[in-house]
Amino acid sequence: MNENQPDLKVRIGPLELKNPVLTASGTFGYGREFSGLFDLNLLGGIVVKGLSLKPMAGNPPPRIVETPCGMLNAIGLANIGLDLFLEEKLPWLKTLDTTVIVNIYGHSIDEYGALAAGLKGLDGIAAIEVNISCPNVEQGGMAFGTNPSVSAQVTETVVKNSDKPVIVKLSPNVTDVRAIALAVEKAGAHAVSLINTLTGMAIDIDSRKPKLANIFGGLSGPAIRPVAVYMVYQVVRSVKIPVIGGGGIMDYRDALEFLIAGARAVQIGTANFVNPEAGVEIINDLKEFCIEKGIEKIEDIIGTLCFTRD
Amino acid sequence: MTEQKTEIIFNSQVASGTFLMGMRSPEIIAEAAPGQFVMIRVSPGLDPILRRPFSICGIQRDDIFLVLYRVIGKGTLALSRVTQGETLSVLGPLGRGFNLPEKGRKAILVSGGIGIAPLIFLAQKMHDMDILFLSGYRSKKEIVPVGWAGLSGIKTFISTDDGTIGHKGPITDLLETDISGSSHEIPFVFSCGPLPMLKRVAETTLEHQIPCQVSVETHMACGLGACQGCAVRTSSQVNRTYFHVCQDGPVFDSRSLDWKNL
Amino acid sequence: MNENQPDLKVRIGPLELKNPVLTASGTFGYGREFSGLFDLNLLGGIVVKGLSLKPMAGNPPPRIVETPCGMLNAIGLANIGLDLFLEEKLPWLKTLDTTVIVNIYGHSIDEYGALAAGLKGLDGIAAIEVNISCPNVEQGGMAFGTNPSVSAQVTETVVKNSDKPVIVKLSPNVTDVRAIALAVEKAGAHAVSLINTLTGMAIDIDSRKPKLANIFGGLSGPAIRPVAVYMVYQVVRSVKIPVIGGGGIMDYRDALEFLIAGARAVQIGTANFVNPEAGVEIINDLKEFCIEKGIEKIEDIIGTLCFTRD
Amino acid sequence: MTEQKTEIIFNSQVASGTFLMGMRSPEIIAEAAPGQFVMIRVSPGLDPILRRPFSICGIQRDDIFLVLYRVIGKGTLALSRVTQGETLSVLGPLGRGFNLPEKGRKAILVSGGIGIAPLIFLAQKMHDMDILFLSGYRSKKEIVPVGWAGLSGIKTFISTDDGTIGHKGPITDLLETDISGSSHEIPFVFSCGPLPMLKRVAETTLEHQIPCQVSVETHMACGLGACQGCAVRTSSQVNRTYFHVCQDGPVFDSRSLDWKNL
């Protein structure tokens, strides 16, 4: 590497990333789907599709609908389940020279624990990201992540059953995201990531049916970016553990908003659909931005939000 | 499969609300098979944000692939306004196309409306076979002229819902007549079009135990098998609940789909 | 009026509107600003800019910033205060032949009460809309509307001090909007309206400053529509009082989503900036839609969301 | 004030990144005064969503008003791509323009970059007065040719930051020289341009007790005085905290603004 190249490395607690750009869970499959398009090893890391203990077929279609500057999805967490993941996906992921993070979710706290345990001791998995935005069937269907103490219980269980850094992924569908962040920090999370999708709905006015078979779904894309930046800003100021930011990032300028707000890395989601090379392009553009501005290391940008007005 | 800025060579209206667009990409052409599709980013802005899927409808020279599309919403409207010389990002070719039958077998191609697009490319690739091309339209003014496609010699029949030309009624009427008529040879059926039509084609071919491949449409986000957004329900023959159209299709054996709950 | 014209009248509890299209508070000034452009009497009603007891200068600029398919505003509830409103604005508003609704907010529960009392007995004001999304200075700065019991207290106070129908405008920045809706229903609200803006933020990457002087602001526009439709859908199924919907409505199709979801009227906000005639155009298009579909009265569309899939 | 679909008569580049657009609207022209502006919806889609404010820069024939603009972001970029014959929704004329001085008085017009736009219209309306037109640019290539504006006979001086033409340095240098030089007559100063320049103009004119009107820019949503988004801080002379640029301005007496905290 050229000596004058800016240093893009970032630390997320126990984790070191070669650069701050991760692909977001559910928007990058198991990585391999994009491998024909560019060198995945350029990425800071890959967060794979949400994994459950047993395979899940997912929701009936339609599962996605476009909205202004965004999209709704109700995939229903379709995935191949832990066993098949280990058998079919992990071996290939292990060949990559980038950080692989496994996103997990359970239908119960025990299931979260079982997933963490199932991933214990395995090579090639750098960290676990815990999706707490799914409905908690045991407690009336509200998402685990909308209640601080339930969020803490999930976190505790995963941390206890895991030998890896645990990132808890926060839901934005709450009154005070800081309360949830503080609760999971206290429960032992090594980092938090946010935001997951906002809950939304769209109706077809001709058939008068919801456009998603599941009725509602998760809103993502640039439409939600201002909400995401604000929540990241809030959480960075509340917890001591590192924060990974995302929501609506389309280009390096958007990524910089999160870094300046204090996120130590970013996740690229919906942008992968619009431009499958979004991740690498953002990395390159961040590098150029640093060169242009004479910034030696990207860490020097993180959390530099400035409040004085002239 | 590549993602590239692709130059528009032409983009012109060929029938009511219907456009034929030529895009230069030797790379895409090198891999393209009938039934495969591309995802086009119709505008550089954020609205509309998602790419739009279109079947590859044919090839011209060795460097231009064709897309035949109907304007139905803001994405296709934006596309219809793109002019020669501009470039658009194209991702493709994607998905699994048609399985071509052995030479000499009879093939019946059944299209509804703009569903003719992938079948034109298919017909081009089967030029040495016995093809019957049945295309249905709502009305005469929507008929896509196919002079450019080099399909001369292929038997073609047309139907329109309003009877302005050809048989009046659904194109599946003609399919049924033909199948019932020619009992000694089992043809292959290939079909693309609106869901109710496809359903009828699937029923008819099932009834007569004729192999049938259909190209189906769903909303798509990635086109790459990553988002799982493009699910369609499988029939009980298949030991999984959903196919992903962008990866497992868009062409399927019609018996592998659950037509009641697609 | 032609006998074959569809009937656009709707009832919002004690209130009858000539059609279901209202302009949203803060996006239509005091009405007069738009009076040179079209006949305001065509509107179902006008909700005037949020009114406080004393005049407020508002936040320092920049107060607005464009975002993907939306905008952030931090106007800081700049307004002329109750006295000047009554003196300078109400007389003109009274000359209109449309429903005028006054949007109020206070810095304390007492202030809400004083505002309601100040509007008591006055002609030309058909209803009061209570904005509970502003920060509750007495209770740590979280908005009144994020807490069910505080929301109920505000509602009770306004209802007690008022002789007019009281519409409580709900904030979307909550974990469970139904809980707030139920609380204000119980406290005597005659209707609820939703959604107010989502909280968001944008950062200028060159100066590294928040783009709004106030740091954060309210996100509005089509970007938020899916969130709004979903919340309206949820609240309609939770309360018995009528629901007024809005958030990101740009055209009649968007308006229909809310009506089908069960809103009895809609509010047009940001669209007024993009197209100052949005309100009347939506009314005309709704009329045409009804004619085309053979719908005799718009009430027949309300709440007709259909769940069977074929 | 009207809101109407307005036809583009021409829209062409006149300097580096700078376009001159003519739009047909007898209605807007009937009311337009120098310093007033229009809000243009630059694209029918939702991104960008807000209208963009532009000063009226002049009038041609009796039915075309002109907009001179610089491409700085996605709204102006979209605008630069609109072609002759297309229509865009225009709202205007809006705001309060310049107060013209009594005839015979000397007027100094000071512009920075694209801030020249409203001053061209102003100069056209003051053709029978003694005008000194000082325009500053970053560089020669950004200079807006004004041959079309019919301003012959007006004394014009140019400065550039990089010295590629005219005086090298800020245009306020020339203003200061002129004011210090001509002590017997008190001129009126009219100015539009970037904030630091305006600030300097305000300071200089205040120092010499010369009346000065400035046209300022803020982000706007409605342009109608309804949203209160376009606030600027007033000086202590004014008994309110903020002006709303779209309604109280965009032209202000420079002493009524709080230049430290604008």
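In this document, chain identifiers A, B, C and D correspond to the written order of the chains, with residue numbering beginning at 1 in each.
Just so it is clear, a residue touches a chain if its C-beta (ideal position, glycine included) is under 8 Å from a C-beta of that chain, and two chains touch if they have at least 3 such contacts.
Since the model is a prediction, treat every value here as computed from it, not as a measurement.
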Higher-contact pair (C-beta pairs counted), B-C versus C-D: C-D
Separation of chain A from chain D, taking each centre as the mean of its C-alpha atoms, in whole Å: 46
Distance between chain centroids, defined by C-alpha means - chain C, chain D (Å): 36
Mean-CA-position distance for chain D and chain B (Å): 54
Where chain A touches two or more other chains, by residue: 60, 68-70, 221-222
Multi-chain contact sites of chain B, meaning residues that touch two or more partners: 46-47
Category of the chain touch graph - line, ring, star, complete, other: complete
Chain B partner contacts - residues on chain A that touch it in the complex: 26-29, 33-34, 36-37, 49, 57-66, 68-71, 73, 75, 78, 221-222, 250, 270, 272-277
In the complex, chain C residues that touch chain B: 68-69
Residue ranges of chain D in contact with chain C within the complex: 1-3, 41, 46-51, 89, 91, 218-222, 224-233, 240-242, 261-262
Residues of chain D defined as touching chain A within the complex: 46-47
Complex contacts: residues of chain A adjacent to chain C: 60, 67-70, 72, 142, 146, 173-176, 198-203, 205, 207-210, 213, 215-216, 219, 221-227, 229-230, 233, 248, 253, 256-257, 260-261, 304-309
